[in-house]
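In what follows, structures are represented as structure tokens.
Both complexes below contain chain A, partnered by chain B and then by chain C.
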Partner chain A sequence: MVENAWGWLIVTYLFLAGAGAGAFVAAVACDLLAPDWSKTLAQAGSLAAGPLVAVGTVCLVLDLEAGLWQPWRQIYLVSNLSSGITWGVIVLSLFIPVAFLYAAALNEITAVGRYLKKYVWHLEVVGSLLAVSTAAYTGILIAVVNGVPFWNTPLMPVLFMASAMSTGLAVAMIGAAIIDITTIRTLSNFALGHIIFLAVEALVLILFVFMSLTRSVEAAISANMLISGVLSPYFWVLVVILGILVPFALSFVEYYEYGAMPKYLVVGADLLVLVGGMSLRALIILSASPPQVV
Partner chain B sequence: MTEQEKKMSDEKEKPREEATPPTVDEAQRTDDAGGSEIPPAVEEPEAPTHGLSEKRGRLVAAGMVATVVVALVALAVAGIVQLTSKWLVVCPTDLPVNDPAPILWKTVVTDDVKAQSLGVPEKLMDEARFKQ
Partner chain C sequence: MSRYGLAIDTTKCIGCHACQVACQNQNGLDVNQQFNWILERERGKSPSFDHEFIPVQCNHCESAPCQRVCPTAAIYTTPEGIVSVHPERCVGCKYCIEACPYKVRTVDHHRGIVTKCWLCIDLVRNGGEPACVTTCPNQVRVFGDLDDPQSRLSEFIAEHRAQPLRADLNTRPRIYYKRS
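This part shows the complex of A and B:
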């Protein structure tokens, strides 16, 4: 396998944090725009957001080996305010408690949740800003790495943001199906969200790959590794076909059939979106490898 | 699905249709589905308190299960890539067999300048047969 200093823990963090942030945004959108008929989806999204980002952050901390064995050194993470990573740490540190409090308030869990019920709208506004920042930060974290020209592009946060919204919606839809499988017909309305986010993700991915081919030699090597090199089987099968094209087609049918689609296909489309999101992040990280493996 | 379950399912979906005025598209969908009339609203009995706590417990469990599902997807993708990457064979960029580059390069950088005959080398002349 390709040798890389950025391993699976970082990939897992990028995926879980993106999905958690996206789930939060999906929950807030459902609660604000259609609180009566999309309540289950809002509940599921809010309940999954906090744990997902928290588990992702644990992966990030585990990857920081110096920070793990000498935790007092983590103070340096927030000491340089001119760094994007410092702001990312601050955003993550604030988002996790806000996401848990929002879940408690929306679902009236525990005394704290019941007390915060009247502040749900405030939590939604603050939490949405933090969620969007968290999703963008997963892209910024690797876009600021100057040593890897393939990652070093402003398109990276945009790509990760689109993928985060798509995977977050998938998490909320799976959670809603777990809470109450009879909401599956209602979920057909949200298939439109998948259609939009997957289309945006595909467009940004095409731009990202083709711009990389002409941007620099190193970026072109990485892009070639994805489209025709050693990682191309994963890229075409896991990301393009299973992660984008199949769920896009299923969501299209789901939206226009409106509840007539079998339940396992509805949930299956969401699972495929998650597989695509994880694979996309893994391949972007793994493709930043020395050129001699191509 | 029994008749009772169907009725309960219809009742759960009803608020969505009441909350938003039906668009032309939605009206078309209702017609396509058979144009069945919406049954009159039925007052749901108030749930007992222990039911609420049970429902909250179920919600939290569903959130946890969703998180576990996402983590399992991450694990599955990592496993697939790690396991199948052992089967990947990196294609060589140049084949060493019959590669004339090293010999040509030696000829270029050599100190011994030899007179090179023009035309086809003798060895090749022996091995190849040219069209007359």
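This part shows the complex of A and C:
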């Protein structure tokens, strides 16, 4: 019996799509709320969003079989509006071009970008809606299947959304540090974003795991795999300690010791958020256990 | 129109796997690929242990989760009530495998599609019965028309109060089990 059909390509897609969507939202938030001093962050977020989601989508396509060898079959992917994947294909096909156009417009890249400059606000509104849809959809995709009881909860999209926002902010902050290392001081302002998103993520994760323990026998099997079973070292070390607690503490210090934190710790905290986001998705996919049918 | 289904009497199953091999031959499957499985379970307590063999295959659910989630609409239900796959539409995304609570779908890596039991509809349309049914040395499976109250299948279900596996999942399977 085939119990786990999805593997690392899908995990990578879930992570990259979430991080890309989050980076887009971070860029829009910076551009709208503080265009004067957070320019680099908006720049980095907008430049990262499109490519991340596009690479994620490539992973999704690589996971196909007949649809990969005979790509024209992919035209059928929009045939069934009751399927999460059909909606995902529609959202991704709209979001990827909008994200690239936004990057071009915000950074005035090429003639298209210069022309679109006056429509930046429109791209921000439409793009943000699509980015939120992309981030939520990665959670909804796996939440709506009753073949894996562990995933089958409305908390799943909330968890993925919180993780998407924190990984997206991390991507934008790392990008900003790469573009201009002197902005690292002003990044301290955004540590508040990490504090909020990581706190929400931790809260939803606690709810998710504890509720899974009592929700059904199968969900409890998966949850136990994470907290005390074969996957527990990865869960506690990569997701809880390195992915949430350490970056949370670092962001806290960063925010209150404005600009005083060494730059490798600022970027380190962001890298840890990414490690945590990827590990979270991997563990949720790998801990899937099917309904007990007999 | 008929609405085909199966009843499976696990009290008769001896776990010989003849149904699985017959199915592999009938459908030209690879050695490591199958459309039906035999699950095993111990039950009861000492000194009267019972080792139950439970053959499982596609349940041909009336409200099939695989059909609902298939983005390419490759999964359809035939007029006879058999859940089937359009091989030329399937892209191999494997969402149906994740959605199926019974985990009875499998990837055909040669064709790059997801495939499964189709109740040997080619044999059935020519007046025969599925290979797993005719091969079983203990007549564990009863094939027939669920809509015909006079069919052997309907009578078997009524007589033994056979139930689908995990009816609580509301997929309305067309395979019924007599387990005691």
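A few remarks follow.
By our rule, the second predicted complex is superposed on the first by the 285 of 294 C-alpha atoms of A that agree within 3 Å, B and C clash if a C-alpha of one lies under 4 Å from a C-alpha of the other, contacts with A are read in each partner's own complex, and residues count from 1 in each chain.
Criterion: a contact is a pair of C-beta atoms (placed from the backbone, for glycine too) under 8 Å apart; a residue touches a chain by one contact, two chains touch by 3 or more.
What you see is a predicted model, and the numbers here were worked out from it, not measured in a lab.
Of the two partner chains placed around the shared chain by superposition, chain B is the only one that A:34 touches, whereas chain C remains out of contact.
Applying the stated contact rule after C-alpha superposition, one finds that A:258 touches chain B and leaves chain C untouched. Of the two partner chains placed around the shared chain by superposition, chain C is the only one that A:76 touches, whereas chain B remains out of contact. Judged by the touch definition given at the top, the superposed model places A:174 against chain B, while chain C stays out of reach. Chain A is touched at more residues by one of its partners, and among chain B and chain C that partner is B. Within the superposed three-chain model, A:182 lies in touch with chain B and out of touch with chain C [touch as defined at top]. In the superposition on chain A, no contact is made by A:97 with either chain B or chain C.
By the touch criterion defined above, A:66 reaches chain C but does not reach chain B. Shared-chain residue A:144: touches chain C; no touch with chain B. Looking at chain A, you'll find residues 1-2, 293-294 touch chain B in one structure and chain C in the other.
Across the complex, chain C meets chain A through its residues 37, 39, 41, 52, 54, 56, 65, 68-74, 88-95, 97-107, 109, 111-113, 165-166, 169. Interface of chain A with chain C (complex): residues 1-3, 5-6, 63-70, 73-74, 76-80, 82-86, 89, 142, 144-148, 288, 290-291, 293-294. Residues of chain B that touch chain A in their complex: 8-9, 12-13, 15-20, 29, 33, 56, 58-60, 62-67, 69-71, 73-74, 76-78, 80-82, 84-86, 88, 90, 93.
Across the complex, chain A meets chain B through its residues 1-2, 8, 11-12, 15-16, 19, 34, 36-38, 43-44, 46-48, 51-52, 55, 103, 107-109, 171, 174-175, 178-180, 182-183, 185-186, 189, 230, 233-234, 238, 258, 271, 274-275, 278-279, 282, 286, 293-294.
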